[in-house]
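Before anything else, here is the set of structures, which you'll find just below.
Presented sequentially are two complexes of chain A, the first with chain B as partner and the second with chain C.
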Partner chain A sequence: MKFKGVTLNARTAVYLCLAVAFLIPLGMDPDGYLLRIVSMVVLFAAMAQAWNIVGGLANQLSLGHAAFFGLGAYTSTLLFIRQGISPWAGMLAGGVVAAVAMLLLSIPLFRLRGHYFALATLAFAEVLKIIAIHFADLTEGPTGITIPYGEPSFANFQFESNTSYYVVIVALFAVVSLIFWKLSTGAMGFRLRAIRENEQAAEVSGIDTYRIKLGTSMVSAFTMGMCGTVYAQFTYFFDPESIFSMTGISVRVALICIIGGMGRLWGPLIGACILIPLDEIAVNTMSDVAGLGPFVTSVILIAAIIYEPRGLISAWERLRRRAQKKHAAQSGQAAGAV
Partner chain B sequence: MLAFIQSLLDGILLGGIYGVISIGLSLVFGVLGIVNFAQAQFMMLGMYAAWFAWDSLGLDPILGVPLTGAVIFIIGYAIEKLLLQPVLKAPPVAQIFLTVGLMILLENAVLLIFGSSFKSVVVSYQQSGLKIFGLFISVPYLFAFSAAVIVCIALWLFLSKTWFGRAIRATAQDENAAVLCGVNVKQVYALTFAVGVALTAIGGAVILPYMTVSPTVGGQFAILMFTVVVLGGLGNVAGALVGGLVVGVIQSLSAMVLPVQLQNLILFMVFIGILAFKPEGLLKEA
Partner chain C sequence: MKTDLSKELIGITGEFKGHVPLLEVSGISVTFGGLHALSDVSFTVEPNEIIGIIGPNGAGKTTLFNSLVGLQKLSSGHVNFDGKRISGHKPHSIAAAGMTKTFQNSALFPGMSVLDNVITAALLRNPLKTARQESEKVLKKLGLYEVKDTDVADLTFPQKALTELARGLASGPRLLLLDEVMAALSPSEMDDVIGVIKEIRKSMSVSFLVVEHHMRAIMALCDRLIVLNFGKKLAEGTPQEIAKNPQVVEAYLGSSASVLGGEHAA
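What follows is the complex of A and B.
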């Protein structure tokens, strides 16, 4: 289709629709419930994209990304409350702390087989939870931290309108996605794909698999730390149990990727659009029955793993290919008849 | 000095239990090649099964071990056949997240059925203790430890003396060779998983006289179990027992100088340290 000299193919049309979809919430009621949910969806998409960098691209399955999320939240918040440092600087500091933690954790692990990484990251998040609860002088302890609501200003990362938070969250998602896209294309993309398909073959082809895995995992931790800061500023409150939660954060971000499509650029957004509203409905309708929400989540996870472990994007592509084949076969028959 | 020996003794009594609950994890990894992240939740299931038997039948948790073991064996067998079998040949991501899903599923299923309140049993020997050479031995700890030792001997006899035990070990060593010798490996996988989770459940049942149970109790033991199996070498059954004793002693000794809440921190440092310097575990042979 030609439109004022601009060629419009299906792909650009999809991206245009997507851009418009991101603009719609700007018109929503700033104090409304809907905008809050949409913001949460995009924030979790950003978190899942951070996980996707190490889990989807480097195939290192982290079960403790809540650790880096929490490190980001605690670093920026404590710097802001105790030292008055702007959360924007705190966000970068949090990212650095998270990346360094990942480096220390990864050095002994990346020479071992993959499940050690899963075990260690899971344990790491649990241990950070213990530290945050126990060392109250440093972290305010088990009651958590409430960020004091001061004068709304850009420097304080505090805004009058929730719409501003939405814009920040979308920007965060865009940044993390851009990093993901940069890493998944070009020479780096080929290297990572080689490591994912066959690590030993990649190693003998001259790829420094150890350093590449280390680098991607640190980038992933850094971006997850940034998400932690944004989450803290957005919710104004967090505590060790929720911020270092395994089911609430670590498993959830991985599940979002698995449902959408691991290692795929749009996987996290698709997964978050499905899972977060579903969780929200579960919380609102079944909150009186303790445990039903996570129970449903786990059933979805198990079903997804058994029936479609490559995610919805792959399922969609397979369906489309099948339809195209059918179409080709039909037109072939028609041609034959003529 | 007496305090030190006392602490050592307590550690060994604890460590025997840690060994039993961790052997299952190591056995499942050694044969099926998957890390069962839901293993600690089977311990929780064992505790609930034992509590339920006590509550409804008045059965002592330690005497009820055969019943608890049988119930969890059947549950484990069914779970392996229905959920794990489809992913045994799948990439690690599917295996890891399937067992993670199972972990959340079991925890919340129990929460839905029994509620979040803590449950405990009342038995006659709960508060009693023995005094020998100035050392104090708590009777429930001693009973639990003895039960653990008996279960370990039974497992050893099963693995070394029975045809099925040999089939399990053969499958762990070389799956293809086992198939050629006429071993039904699918059956072996299901039975190994069932035995593995039943062992862990029994470990949970025998500590019920001195431990309360809630749906999240498994989570408290997860890091402990990882540390035990990594110490012993992942997949090494005898190693898990040794690892359990070591972890019990470490925990008991560290409690002399550090608050109880920080014990998991110590374990985690041991865990990372072992992975960094001796990833094959303390006992090297498979």
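What follows is the complex of A and C.
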């Protein structure tokens, strides 16, 4: 398709549609339910993208990313409340705290193989939850922290309109996705793919697998910490149970990424677009029967994983290839008939 | 002049005070539980040498290679590369020092093309752009350029073995260990690979340690042979010496013809 001298191929068309889709919520009612859900979808896409950096690129399946999320939220919030430090600076500090925590956790873990990483990260998040509950002097304990509502200002990371939060969340998703994209392309992309496919062969080919895995996991933790700050500023309230939640955060971001497509740039967004609204519907319509909502989502998830273990993005690509083949075969027949 | 003299002396005596071989393996042993996979193995490799390692299945050849490149911990002994202690180092730093190996049961990166597999190793000493150029050169040399965009999972056995060789070469080694890269090749493909290995030794001064069951390849390639049996070094010498060695003949349970005459000695 030619358009004012610009050749419009399928790829740029998709990106244009995507850009427009991100713009639509700017016109939504700032106090409406819809904008809130859309914001949550993009925020969870950013969190899943952070998970994707270590889970998808380095193949280290974390089931405790809530740990880094919570460390980010607590660090920036406590710095803001106690020291009056801007949450923007707090966001970076939270990222550093999360990355250092990942470093300390990973040094012993990477020597172990298999599912130890998943189990240890899971346990780490649970331990942080208990610490946050019991060290009430520092963390306000189980009641959680309410961020005092001050004068809305950019420096305070507080905005009058929810539309502004949406913009910040989209920017967060863009930043984390850019980091993911940088790591997955170029020389580092080759190295990470090699590590994923055969660690011994990667080592023998001169790749420092330990250092690269450590580096990517720290970047993942850093970005997850940043997400924690944005979440805290967006919701104005969090407590140890919700911020360090296994089902609500850790497992959820992993599932979003797995459903959408692990190691794929658009996997987390696709996964979040499906899983977050689904959870929302389940909560709103099936809350009468205890456990029915989670049950229905679980069934859908299992079905999706059985149907396409490499995520919906792969399923979509497969369908498209099939359609292209069919199309090619048809036009071949047509040409033959002439 | 001094270095020339020392080189001459090495030529005469094989040893010279202050001379450092490229690889020096000193009394290495590896045990798996109670099994002695390697016992007190010692040998040296000089620059530009091609040395064959032969021995029956289970003799410890692969274990020896894994020990040299750092994939296998030693129970005792040590290894020096270019005068520096490398035993105990990680495989990636040994690869950076200049020694790497190919895998007997091809360990390529599936889901990646032939070219991408080779580029991954070439990145050890090159930025991406030159890594790509270097890799294409290596693929042309090995006759793999036509399949460079094929997923390695879709290759034939001989192509997989050659891709292993290409990946090994692309990392820019000074000593490359080849673990049965020719096992699946036809006689004419084997001749091509033998030619390439000899050419690479000359043009890039790379040394090789070669594990191979095809005696024709071993005879055509190697300056020296080391015979392993039950993890021990049984003999070492020129192919002709080895062919006449009564111990070796006995280990192979046959006539000398079956050691160095047949296609499959082991």
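Simple rule for what comes next: the second predicted complex is superposed on the first by the 324 of 338 C-alpha atoms of A that agree within 3 Å, B and C clash if a C-alpha of one lies under 4 Å from a C-alpha of the other, contacts with A are read in each partner's own complex, and residues count from 1 in each chain.
Here is the rule we use: a contact is a pair of C-beta atoms (placed from the backbone, for glycine too) under 8 Å apart; a residue touches a chain by one contact, two chains touch by 3 or more.
Please read these numbers as outputs of a predicted model, since none were measured by experiment.
Participant: Between chain B and chain C, point out the one touching more chain A residues.
Facilitator: Looking at chain B versus chain C, the one contacting more residues of chain A is B.
Participant: Would you sort A:Gln200 into first (chain B), second (chain C), both or neither based on which partner it touches?
Facilitator: In the superposition, A:Gln200 touches chain C alone.
Participant: Answer with first, second, both or neither: which of chain B and chain C does A:Gly144 touch in the superposed model?
Facilitator: A:Gly144 contacts neither chain B nor chain C.
Participant: Identify the partner contact of A:Pro30: answer first if only chain B is touched, second if only chain C is, both if each is, neither if none is.
Facilitator: Neither: A:Pro30 stays clear of chain B and chain C.
Participant: Which partner does A:Pro277 contact after superposing on A: first (chain B), second (chain C), both, neither?
Facilitator: neither
Participant: Does chain B (first) or chain C (second) touch A:His115, or do both, or does neither?
Facilitator: First partner only, chain B.
Participant: For A:Gly248, decide between first (touching chain B), second (touching chain C), both and neither.
Facilitator: The answer is neither, since A:Gly248 touches no partner chain.
Participant: If you stack the two complexes on chain A, which partner ends up touching A:Asp208: first (chain B), second (chain C), both, or neither?
Facilitator: The second partner, chain C, only.
Participant: Per the contact definition in the header, classify A:Pro309: touching chain B only (first), chain C only (second), both, or neither.
Facilitator: Only chain B is touched by A:Pro309; chain C is not.
Participant: Could you tell me if A:Val127 is touching chain B, chain C, both of them or neither one (first, second, both, neither)?
Facilitator: Touch partner of A:Val127: chain B, not chain C.
Participant: Taking the touch rule as given, give the residues of chain A at its contact with chain C in the complex, in rising order.
Facilitator: Against chain C, chain A makes touches at 186-187, 190-191, 193-194, 197-198, 200-210.
Participant: Tell me, which parts of chain C touch chain A in their complex?
Facilitator: 69-71, 90-93, 95-96, 100-101, 103, 107-112, 116, 119-121, 123-124, 127-128, 131, 167, 171
Participant: Touching chain A in the complex: which residues of chain B?
Facilitator: Touching chain A: residues 35, 37, 83, 86-87, 90-94, 96-98, 100-105, 107-109, 111-112, 115-116, 215, 219, 222-223, 226, 230, 259, 261-262, 264-265, 268, 271-272, 275-277, 279 of chain B.
Participant: Which residues of chain A touch chain B once you look at their complex with the stated criterion?
Facilitator: Per the touch definition, chain A meets chain B at residues 55, 59, 61, 63, 105, 107-109, 111-112, 114-116, 118-120, 122-124, 126-127, 130-131, 133-134, 246-247, 251, 254-255, 258, 262, 289-292, 294-295, 297-299, 301-302, 305-306, 309.
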